[in-house]
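Note sheet for the following structure.
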Amino acid sequence: MNLSLSITKNIHDWLFSMMPETVASLTEMTLIATVYLAVFAVTGLFLVLLERKVAAWFQLRLGPNRVGPWGLLQTMADALKLVSKELTGTVNADKFLYNLAPYFVIITALMALAVLPFSGEFQAFDINIGIFFLIAISSIGVIGILLAGWSSNNKFALIGAMRSGVQTISYELSVGLSLLTVILITGTLQLSEIVEVQRNGWLIVQGHIPAMFAFMIYMISGTAETNRAPFDLVEAESELGAGFHTEYSGMKFAYFFLAEFINMFIIASIATTIFFGAWLSPFGITESLPWLGVFWFLGKTLVLVFLMMWFRWTFPRLRIDQLLTLEWKYLLPLNLMNIVLMAIIVWLNLTIQF
Amino acid sequence: MSYFSDIYNGIKTLLTGMSVTGKYFLHSQKGAITQQYPDNRDTLKMFERFRGEVVMPHDENNEHRCTGCQKCELACPNGTIEIIWDRQVDPETGKKKKMIEKHIYHLGMCTMCGLCVEACPTDAIKWAQNYENSVYDRTTLTRVLNKPGSKLMAGVED
Amino acid sequence: MTNEALQNLISTWVPDFISSKLEFTEEESQFLNITVQPADLHKLLARLKSNSKTNFDYLFCLSGVDWGVELGVVYHLESTTHNHMIVVKVKTEDRDAPVFDSVHDIWKTAEFHECEAFDFFGVQFNNHPNLRRLFLTEDWDGFPLRKDYVDDINMIVK
Amino acid sequence: METSTINNNFKSEEYFINMGPQHPATHGVLRLLLTIDGETIKNVEPDLGYIHRSIEKMCERDSYQQIVHLTDRMDYLSSNINNEAVCLAVENALQIEVPDRVKVIRTIIAELTRIASHNLWWGVMGMDVGALTTYFYAFRDREMINDIFEETCGARLTMNYNVPGGLMFDIHPNFVKRVKEFIAHFKTKLPEYDTLLTNNVIFQKRMRGVGLLSKEDAISYGASGPVGRGSGYSCDVRKIHPYSALDKVTFNEALRTDGDSFARYEVRIQEMWESISIIEQLIDNIPEGDYKVETNAVIKLPKGEFYQKVETARGELGVYIISTGTKNPYRLKFRSPGFSNLSLLNHIAVGGKIGDLVASMATLDLVIPDIDR
């Protein structure tokens, strides 16, 4: 097994000195999973709160401000409420698939989190096909949405699910191709190595024009991947009520809800890793303090997350055929041209290196 | 070529749209239009013409101005007002005259149209600027406007 | 076109196009009123629209009316080119099964308005594509806007 | 034929969807029975009556003063204009000439109501196509109008400010000042609406060429108000049959010939500008005088039939009174603009997508109590 677990060597050594190797590995994996689950939950709750606050500030409101100081505990309270709620369902729902769907969505979101390089030290699973893994995992989530819509025996949910299928199949292409554009510079799929390459300048600077195009395309199609406005046709409130999760309640609904926010975080994290040098500080100003990497990583990610929120609270929603037109007639051809352009630039050594 | 100019113009309009929301985001603190309702009860003042509920003002001698003419009852479109009246002997003049026993006002049926207040010839009833009218029991919405033991103010009927 | 000119023009249509007699009146109304026999209703209305001098292309109001003895429908017509207006009335004394011709093929909006008249007055319309109870439930008993409709529970009579 | 058998084998199946009565896009309790093939609309059948209160029957037992407050509850977004319609009908029947002051105040308030209604529509329109922020920007501006109404009329929505013969009471001393403040404020905000939503490329793509309605169909379906004018049908009652002080002001009738959703959208935006201009012409010269002509306490209309048209924010409202000379109307019919506008929904929605249906329904600006009465 090609596992390179690089979180806190001390715990690693201590565990392996205590127990036989197999048990130690298992314990270590469980520990890491627990830590990631906690991170996952906290990130989700924090992002929900952030979204509500940011939305309020865009909309001349105050946002949640009742629970805890400045409303910081609002999402905690919401989560508690959702946990305590009854799990309802429709009469003729396919019970097995209906209950399975939320887990598909949330587990894939959690799996993607494993390969993200939060800092040089803090990365659970530095696989050599990192980017490929991320793209592959993030497209599994749609199966959960399809199952949810199909199994809940509701036509609105079904329409939402089918829209989601169409949307993900289309925009998966753009996400992959735009990332591929930058891979031309790095020549590796492993995330830690991609970050190392960026010590000579972030890839968006190294690849200049085509990289910027790739970034724009990535952000557009990434927003579409997460089913967020202006691409939120899947749950399009004014058309489908709540779309694929119409019939879900309580914690099962919360899974979908959390997964949406985690996915947004993941999309922003990938962009940070690929285009903005992950945990590397700008111009290496904090090179001597490697633990600040986490700060830089989260900072950059949050800026991108904010950008996605800004999109959401400004733009109207697209129609389903316009959504597909945008992908197949605009993003895809541009993307292919962009790859050729990038290949030429890399071939002629026109990248900007510091 | 229109293909690329479409993309360019499209992105431009999107960015100008974002500049509007972005501007409000930056000024969010002073621009907030939220009324923090239960907290601002002290400062929340209704306008003087606001129609909250119909009341019958009494002076310090527990006297009101209602003669029991029933014009408000007739003017009301919903049967919100019921007046129970009686011919009683006026202790001062010794004559029998019409006096209200109960001026009943069903707030639950009132549509706040203001016709009764307009119809009243003696200004006996008027609007209160009370905006918290919800109760837990529907029966409490039926109110008797004249206070117990109150009587007609002198000189109103002239 | 003035009301008088309209009356002169339309009276020339009898008996070539419209067999029965038309009653014209301008009393008690700001428009010219024509009362037509049910059999000639569709013919008259179609001609009022198609004739280029009248050209009543805008049916702005279709009301069912219960005149006590008779049930009927009142059509308010306006011409968007000539800006004149006219009222056409049709009546029947058959209260059990009043039937008129539908005019939805002349003015498309009539489809909905005729449903409304059917719903509240029980007036049937021949050739109507989808005559159903638009507002009330399918099993509603009676036609509420008729004068003889009684509902002891929901109607408050003053 | 070979191809036809293939087509038959792959025939798609139509299915029904109940849109409403509780649905975010139907703005109230309208139920639409949609026949859908995939995402494409095949048929729309409205089912009404969820909030029918039979106002017409109630009017038959009420006096003419009492009828006015019922009209507040029909099209609650243009309640003042509805009030005005009934009052004008009664005044015309009684042949009362109201003072100029009343006419001017009525017109100003009607135009303010129109701005408030279009403003709310703009916010909700944005919500329907997915731009959620518009709602709050619209409400910020609408709140100022509501405050003006509350100060003068005593209520924010169901004002009941007009009475047969004039107004219930005079305008508040602050009225003129506040209206001027609002106009100054709104003139800076209205261009922002365009930058945020109108010019947005996604919004334009959603609206242009969607929900097409030709001029002939508009007339035939009895479309009025911005719906008719978006199709090039000049149907502004304020121009054709001016009432109150509208013959004293100059304004342009907002007219577009495209007949699509975007044309209807543009008409409403332009109407807000026109309303501002009307108010500006009147607000500085409100004539002195009485705010009311005294009428009898019991109003009895002469025997006969009376019809009054006004232009509400949604279109042409007609009040048809049949009087037998008593204190109650014998029959009172409201020709509501929403009802006729709803009748053309099927015509403009068929062939479009679900998203198109929502967008074109939003441009019809339906208010369900107006349809259900």
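Here the chain labels run A, B, C and D in written order, and each chain numbers its own residues starting at 1.
By definition in this document, a contact is a pair of C-beta atoms (placed from the backbone, for glycine too) under 8 Å apart; a residue touches a chain by one contact, two chains touch by 3 or more.
For clarity, every value in this text was computed on a predicted model and none was experimentally measured.
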- Message: When contacts are scored as defined above, which chain pair ends up with more C-beta pairs, A-D or A-B?
- Response: A-D
- Centroid comparison with chain C (C-alpha atoms), farthest chain: A
- Message: Taking the mean of the CA coordinates per chain, how far is chain A from chain D in Å?
- Response: 45
- Query: What is the distance in Å between the mean C-alpha positions of chain A and chain C?
  - Reply: 64
- Message: Rounded to a whole Å, what is the gap between the Cα centroids of chain A and chain B?
- Response: 52
- Chain centre separation (chain B, chain D; CA means) in Å: 26
- Query: Considering chain C alone, which of its residues make contact with at least two other chains?
  - Reply: 156, 158
- Note on the structure: Check: chain A positions touching at least 2 other chains come out as 58-61, 313-315
- When you check chain D against every other chain, which residues touch at least two of them? 62, 133, 136-137, 140, 196-197, 200, 202
- Between which chains is there touch? A-B, A-D, B-D, C-D
- Query: Which residues of chain D touch chain B in the complex?
  - Reply: 62, 65-66, 68-70, 72-73, 133, 136-137, 139-140, 143, 147, 150-155, 158, 160, 163, 168-169, 172, 192, 195-197, 199-202, 297
- Query: Okay, in this complex, where on chain C does chain D touch?
  - Reply: 27-31, 33, 57-61, 63, 65-66, 74, 76, 80, 83, 87, 107-109, 111-113, 116, 120, 134-137, 144-145, 155-158
- Item | Complex contacts: residues of chain B adjacent to chain A | 7, 14, 17-18, 20-22, 24-25, 28, 31-34, 36
- Task: Would you tell me which residues of chain D are touching chain C in their complex?
- Result: 47-49, 52, 54, 56-57, 61-62, 92, 217, 219-222, 224, 233-235, 240, 302-307, 309, 316, 318, 320, 322, 331, 333, 335, 339-340, 342-344, 347, 372
- Item | chain B contact footprint on chain A (complex, rising order) | 54, 56-62, 310-311, 313-315, 330, 334
